Amino acid sequence: MNRYLKLVNFEFNRIAKVYFVLLAILLISQIAGVIFSSKNYLNETNRMIYEELIPKAEYLSRYGPMSMDQVLSSIWFIGPMALCVALVAFYIFLIWYRDWFGKNTFIYRLLMLPTARLNVFLAKITTILLMTFGFVAFQLILYPIESTILKWMVPKEFRVDLSVHELISSSGFLELNIIFPNSIIEFILNYGAGFVAVTILFTAIMFERSYRIKGILLGIGYSILAVIIFFAPIIIQEFLQRYYLYPSEILIVEVAMGIIVTCCSIWVSNYLLKKKIRI
Amino acid sequence: MIEVKDITKKFGRRKVLNGVSFTANKGEITCLIGINGVGKTTILNAIMNLTPINSGHILINGEKIKKESYEKITFIPDAITMLPQMRIAEAMGFMNDFYDCWNQERATELLGFFKLKESERISDLSKGNTAKVNLLLGLAMDVDYILMDEPFSGIDIFSREQIANVFTSHLIEDRGVIITTHEISDIEHLIDKVVLLDNGNVLKEFNAEEVRENENKSVVDVMREVFKA
Amino acid sequence: MNKYWKLIIIGIVIILSIGTFYIKSALTVSKYPEFVIEKQSGDESEVDNVVINGNYYARSTIGESLTLTSNGSKYKSEQSFLKQLDGYGGIASIRQLKEKHRNFMRGKSGSPDHFYEDEHYLVYGEVDYQVNSLSPRDFRFSISVLDKVEDKTNSFEIDVPDVKELDYMNVDDVQMMDGKLKIFTKNVTGGNEAVHLYSLDIASEKIVDHKEVISNEGLLENQSGQIMILSETNPMQKHQNVLFEKSVIEDVEQSEGYYVSEEVSSELVAYNLETDESHPIALPEKIHASEQRTMFDDSTIYFVEESPNDVVVTPYLLNEGIKGEFKFTLRDSKNNDASVEESKTITINNGKVYAVTMMMDAKKAAVLVVGSLKTGKTLYTGEIIPKDPLKDEIDSSLYVTDIQIN
């Protein structure tokens, strides 16, 4: 356990620099986005009201008030978020392959630690989780700050203040609901499903690292099998066209399948790491 | 004692190890000799459970390798096992963090011996100094066995001498060492036991001292005989 | 410990930030105002079985769904997550069936038209077919009968006979009579709709009779026939008559080959299950069925007309004709006029009409009226109002989406 924590700390520190730089980009770009969008809106408003002499009420009903909604749809806001998602997705693979490739042979060290090799696996998956939750947490902290800046810049009668949930449902980006779900239960379910997916991917990587070219096929095969097992309750119902289970029951069964698939993945990975892995 | 019993290893259809057996004792330097590509590194990897073998088994002090074994046996591969962005001090800190058998005093002593600075980054080191750090990280562990893969390859002459000096020092005393090389000259006079490998087979396993005393032959003489035949 | 500072910081940030976010959103839910139905006049017990679904808008952005009964309001997000999944809102009668007969209701559709219920039996009938080929095929009835007295379920499937060239079919109503299941279906062939009646013997699990009961005949080439079942106040209950609205649609050419559909004729047809006969209903001049909301409860058709402040219901008894014209006024206690575009949600149940205006905000209360369709008397009037005065007055509003009677 202690060595597991040390490994988590070590793995996190390895990516920390890049990670904090990305957080900084997120911060700067989004705040810049808020300022630019507000400025644009104000300029446009002034022009319309003072030059085109459109009455305020008519302007508002025609063009609508300013809100975070308009900021969200700009590349300044959504761009760095996409970058963060991309980094995590990419790092799921890199976190393993960087130990094999390159000048160093750090994987020798990791595999020769006097601790269960599974701890290396768990430390890496924990790091991925920490990175993901860190981004989510940081974005949630940023949002009220950005809203406040908008409040400073745009007068109340031209502005609608939106909460995070309101923003997501009024914007077109419903995908954001996956990242910032409405309730804590959905949060746990969404990220739980993400965790299942990452363990499957990690296991596929373990297959590849154990059997190389043959391992790619084994890894893909394992992933497909895991996905089929995971969705088996739904697939069976669709196939039979018999919707026997209530949605709540499907959810419970799916949670159980998720736990089963995760346990299988970790068990298989443990076996591969202990018996089959190659440096 | 490290016992390697009848291990075979295939890479695809190619058989790299074809029933290799030998033993290495504590307090002795055992040298695996063979031209490149005969599977010397594979044997060391197999001992450390870094590559699966197809058959046979390997015992360390009578037991199969397990996670606790890594406090008793260490492996110094031919490339450094630390991240290039680390400073030497950080690399030592890492070892100290994870290994109970890490001996910080000895590490400091070795730093002085190799004339290395703690604050240097591994990526900035010369090839020779990188090899020395690699060696340092292995030697500063209080382990029973040290495996070394080609410690002299591609290193300048002065570094070689420094490294060779290690073998006669108290740093090696009482430990069991397995070393691979394709060039025997630097350490010929140091080694106790020789395992000659070719085509995945052990051609000959002999005691260097005995050959020297009884047959008045050097290790190289024996190699010539064996490989010619 | 110092070494772990990055990890500790990120850990604390994650827990605090995400934790606060969800605690705050949980608190927002509990901050939503509670609504009540407040009596203005009449008998309070008249609204005991009324369920009103709606959405509350705090700042005119997203609605929060809620359900309102005589006991007060409950927001969707206040319910457990699993309950929300299994269908919050929806059709009350189906939800009740699911609560009462959870296992029987597994995999059943959510349409009351597919159910029949009396004291003894709960019956479900639906048509299944394969849609994974170009045209649907393999039509079969999927029948389930629950004997509530003996607590026994019998489910079976039967192939639908004579389905050649059928595009589509859909169950309109399920009835039971003398141990036989009567299934009315709408069968669509080449764009023309016809109503078929299948009689199934439950004991032998066989189709004993099949006939086309209503169809459109003598259609011209540019015409197509449409037949719709008249919505019933309670589709699940036993009734002797089933009513259909039959209409002919004609494609009329506008300029440049652009076509629009126009209804050229429409009439109501009643099918009597006891006599097995269908006959058209000759409506009096003053009622144009197609332009009004209609509801049917076996013996009476209710024609409903709305004006901004009134609901007018004209009952038409199948064997007696028009029986009165009843007007019910919806006006809130501040005597506001309803805006012209504002419509009402109206339902009829057990000879009573329930009407509610659709919006409530700071200026205006939503009004609920219950009226008897036998006497024309207003039995109850009430208002939907917030239990405590709204804080965010100006921007808050409540929209009623539907009213149901349990």
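Order as written gives the chain letters A, B and C; numbering starts at 1 within each chain.
By definition in this document, a contact is a pair of C-beta atoms (placed from the backbone, for glycine too) under 8 Å apart; a residue touches a chain by one contact, two chains touch by 3 or more.
This one's a predicted model, so the numbers in the text were calculated from it and none came from an experiment.
**Q** Compute the centre of every chain as the mean of its C-alpha atoms, then state which one is farthest from the centre of chain B.
**A** Result for the farthest chain: C.
**Q** Write down the chain pair with more C-beta contact pairs when A-B is set against A-C.
**A** Higher contact count goes to A-C.
**Q** Could you name the chain whose CA centroid falls nearest to the centroid of all protein CA atoms?
**A** A
**Q** Rounded to the nearest whole Å, what is the centre-to-centre distance of chain B and chain C, using the mean of the C-alpha atoms as each centre?
**A** 81
**Q** With chain centres defined as C-alpha means, what is the inter-centre distance between chain A and chain B in Å?
**A** Between these chains, centre-to-centre, one finds 44 Å.
**Q** What is the distance, in whole Å, between the centres of chain A and chain C, each centre taken as the mean of its C-alpha atoms?
**A** Distance between chain centres: 40 Å.
**Q** If we count contacts the way the header does, which residues on chain B are in touch with chain A in the complex?
**A** Chain B residues touching chain A: 45, 48-52, 67-71, 74-75, 77, 79-84, 94, 97-100, 122-123.
**Q** Which positions of chain A touch chain C when the two form their complex?
**A** 5, 8-9, 12-13, 16, 130, 133-134, 136-138, 140-141, 160-166, 169-170, 182-187, 241-248, 251-252
**Q** Hey, which residues of chain C end up touching chain A in the complex?
**A** Residues in contact with chain A: 3-4, 6-7, 10-11, 13-14, 16-18, 21-22, 25-26, 28, 59, 61-62, 77, 81-83, 85-87, 98, 102, 106-107, 128.
**Q** Okay, in this complex, where on chain A does chain B touch?
**A** Going by the criterion above, the answer is residues 3, 6, 10, 14, 102-106, 108-109, 111-117, 210, 274-279.
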